[in-house]
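The following pair of complexes shares a single chain, chain A, combined with chain B in the former and chain C in the latter.
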Partner chain A sequence: MTDAVAMTNERNQIFRDLFSGKTPKRVPISNPATQDFAIQYAGLDLAECQWDLTRLEPVYDKFCQDFFTDTYPGGSIRIPSHYQILGSTPIVMSSSGFMQHPEVVGLLAEEYDEFIASPYDCIVEKILPRLFTELNGAPGKVAMALAKAMRAQSDDLAYLGTIRAKMNAKYGYAAMIGALTEAPFDFVADFLRSFKGISGDVRRYPDKVAAACEAVLPLLIKKGTLPSPGMLGYTFIPLHMAPYLRDKDFATLYWPTFKKLVETMAGMGQNVQLFVEQDWMRYLDYLYELPENTIMRFEYGDAKLVKEKLGKKHIISGFYPITLLQTGTKQQCVDKAKELIDVLAPGGKYWFQADKSVINFEAKGPVAENMSAVLEYVHENGTY
Partner chain B sequence: MIDLQVLTQAVGDLDEKAILTMINDFVATNPSGEDAQKVVLACQQGMAIVGELFEKNEYYVGDLIFAGELLSTTIDLIKPVLSGVATQKVGSIVIGTVEGDLHDIGKNIFGSMAEAAGFDVYDLGIDVSPSAFVEKVKEIKPQIIGMSGVLTLAIDSMKNTVKALNEAGLRDSVKIIIGGNPVNEDACKQIGADAFTTNAAEGLKTCQGWVK
Partner chain C sequence: MKTGLTKLVGGEDKMDSKYYATWEEYLAEHPELEGKPEHAISPKIQKYEDAMFVFIMDLLL
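Up next, the complex of A and B:
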């Protein structure tokens, strides 16, 4: 057995232990930086490289070499090719080359009933043509655009998959798979009604919002299902809108279908990782109700309080403030990691991840050096 | 004339139906420009209540967005009867989401609250380059620049924008406030801004303090 295979086995065991509620031999670590960072760190142009993935193998090699991590640092990636071919408006590239999600309206307020009656048909017939310009037109042209886009995406994913397999074979990362889905309310906000639209809807027609969340739930369960629930991995659910709602709107419109989603995933034997974005401190009692060992990566909040309230039942992660990597000294960055380990590691159920992803690299800035120091520190000192 | 106190309270309550009924009835009476201005003022006072409830954690960001939408609908209805009346502006602000970032929710909330508070707001939109900020500042000569961003890369873009303002000799002529998810005190210092906020209502107060 090679060293890398032995390392993969060891790391797989660490995550199996973590996800099943046992205390692993050490605190597992995920590098918070993404492919965007890696491309810039290698001195290449972010926009250009995303169009030519053949240039990424040395990019990943250097990235993996220089920053310690237990999981492959590929993260969730939005590849521009198929989005461009489809004329995407919900996912677009900015001038810096970073792919992001601007405000879009896929469904008009007066179309709620149609969506509620048959969400899948409505998505295919109405919403996709509205959000993706190339899916709006003569059937033949649409079919060509779709075929080209799917081909481009599968080529790109195959290429990224090859790089990933090579890096795993060389660096011995945990062999984890992932699926991605959204809380029903977030899906309705992000892709159907927009932040602005949903903010009016919750006051104007809350019943329709609730019904739309119920209607789309089965599709979002399907979207988040792993190929096989026993595989090492998790369903990733980035949470968006809850902090922007009043408590009563959260309780009646956001929570019920979100809870069902997580419970269904857990019931199928899958792990779920929530990216608890923004400030959820007023919802901790709700989060407590979610199935045991739900992984919760926090962006904000009081780590001590979260550990007290949720740490015995759930797996806690996040909190490490990546802006500190930009503004702090190396010592301050390491001290912060120590502080979080001291609070979150005792008793187990802790995974070192940061509050956000590091997507930007400034050659003259301190981020790379600080991040490397923090990851090394946690690797050497991350005991429960 | 409508009961201005009732209108102010309805805006504070974000009671869309009540507000629209009152404003439509008011406009139908073909009121004077002076009366129309009083109505606008009452709406602005209602927005101040919204800001207070936000600070007390009774309202959240979704409510601010809804408030902004309500207010702009209201002002559009009143505009035809407002014409010819000189409005007093408290100051001018140039705002934009910085280069590389496409997120505009926070910026829009701040913009509509600042407008409601009587500022002239010049919104440069999203993914705004440092040079676009510089050009607009040369043109408008605002008292304040508001830079917004959600992604961490926004910090670098904000820094670059301040640098460009410095190089153009404009930095000392304006106050700069930064807002959004990744900003904090350290980032503010590093960027060279005068203030930072993650809360539109609080940011507006800072700006009001500057133009007093």
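Up next, the complex of A and C:
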């Protein structure tokens, strides 16, 4: 058995233990930096490398060599080619090469009933043509655009998958798979009604918002389903809108279908990782109700309170403030990691991840050096 | 065409989409496949049906 295979086996066991509620050998670690960071760290052009994926293998090799992690780092779901082919308005590349999500409205308020009656038909017939210019026009043109885009994405994902397999084999990362879905309310908000639109809808048409969430729930369950529930991995659900809602709107409009989504995933035997974005401290009692061993990666809030209220039932992660990597000294960055380990690691059920992703790299800035020091510290001092 | 997607959440059929079909629904619409090797055809047809569903949904995530 090679060293890399042995490392994969060890890391797989660490995550199997973590996900099943057992205390693992040591605190598992994920590098918070993304593919965008890795490309800049290698000194290459961000836009060029996202279009020409053949440039990425040495990028990932250097990234993996220089930063400790137990899981494959980087990754991207925002590959530009298929968005360009489709004439995307909700996801566009900025002049600096970052893929961005401007505020868009894919569903008009007067179309709620149509969406509720058949959400997938409404997505195909109304929402996509509004958001993607090449899906709006003569049927032949639309068919050609869709075929080209799907082929482009398939090619890109296959190429990135090859790089991932090579890095996993070389560096012995945990062999995990993932699926992505969203809470129904967030799905209706993000690309359909927009932040501004949904904020008005919860007051003007709360019944329609609730019905839309119920209607789209089956699609989001299917979207988040892993090929096989027994595989090592999880369904990732980033949470967006709850901190911007009044408590009563959260209770009636956000929570019911979100809870059903997580319970359905858990009922199928799948792990679920929530990215608890912004500050959810007023919703901790709700989060407690979710199925045991739900993984919760927090952005902001009180880590001690979260450990106390949720830490015996759920797996806690996040909280490490990536802004400190930019503003702090190496010692301050390491001290913060120690502080979080002291609070969150006792008793297990803890995964070291940062509060958000690191996407930008400045050659003369301190982020790379500080991040490397933090990851090494947790690796060397996170043993149970 | 109706789909069996919503059986996951209590058996109600809310999807009712023209753009997604289970294998059983597809087969009912394509009698030319009767008597053909279903074990070989069905996973392939379903795989691309599901791949298109994931592609479409990914555009809105």
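General observations
Everything below uses one rule, namely that the second predicted complex is superposed on the first by the 381 of 384 C-alpha atoms of A that agree within 3 Å, B and C clash if a C-alpha of one lies under 4 Å from a C-alpha of the other, contacts with A are read in each partner's own complex, and residues count from 1 in each chain.
Please note the rule applied: a residue touches a chain if its C-beta (ideal position, glycine included) is under 8 Å from a C-beta of that chain, and two chains touch if they have at least 3 such contacts.
This is a predicted model, so every value here is computed, not measured.
Using the contact criterion defined above for the overlaid structures, shared-chain residue A:Thr162 touches neither chain B nor chain C, since it reaches no partner. Contacts of A:Leu128 after superposition on the shared chain: chain C is touched, whereas chain B is not.
Contact with neither chain B nor chain C is seen for A:Gln65 once the two complexes are overlaid on the shared chain. Within the superposed three-chain model, A:Thr323 lies in touch with chain B and out of touch with chain C [touch as defined at top].
Contacts of A:Ser228 after superposition: neither chain B nor chain C is touched.
In the superposition on chain A, A:Thr383 makes contact with neither chain B nor chain C. Of the two partner chains, chain B is the only one touched by A:Lys196; chain C is not. Overlap of the chain B and chain C interfaces on chain A comprises no residues.
Taken in their complex, chain A has these residues touching chain C: 77, 86, 88, 90, 106, 117-121, 123-124, 127-128, 131-132, 149-150, 153-154, 180-182, 187, 190-192, 214-215, 217-223, 260, 264. For chain B in complex with chain A, the residues that touch the partner chain are 14, 16, 57-63, 65-66, 69, 99-105, 108, 126-127, 129, 151-153, 155-157, 181-182, 184, 186-187, 189-190.
Note for the complex: chain C touches chain A at residues 5-6, 8-9, 14-20, 51-61. Residues of chain A touching chain B in their complex: 92, 94-98, 100-103, 195-196, 198-200, 202-204, 241, 243-246, 249, 278, 282, 322-324, 326-328, 356-360, 362, 365.
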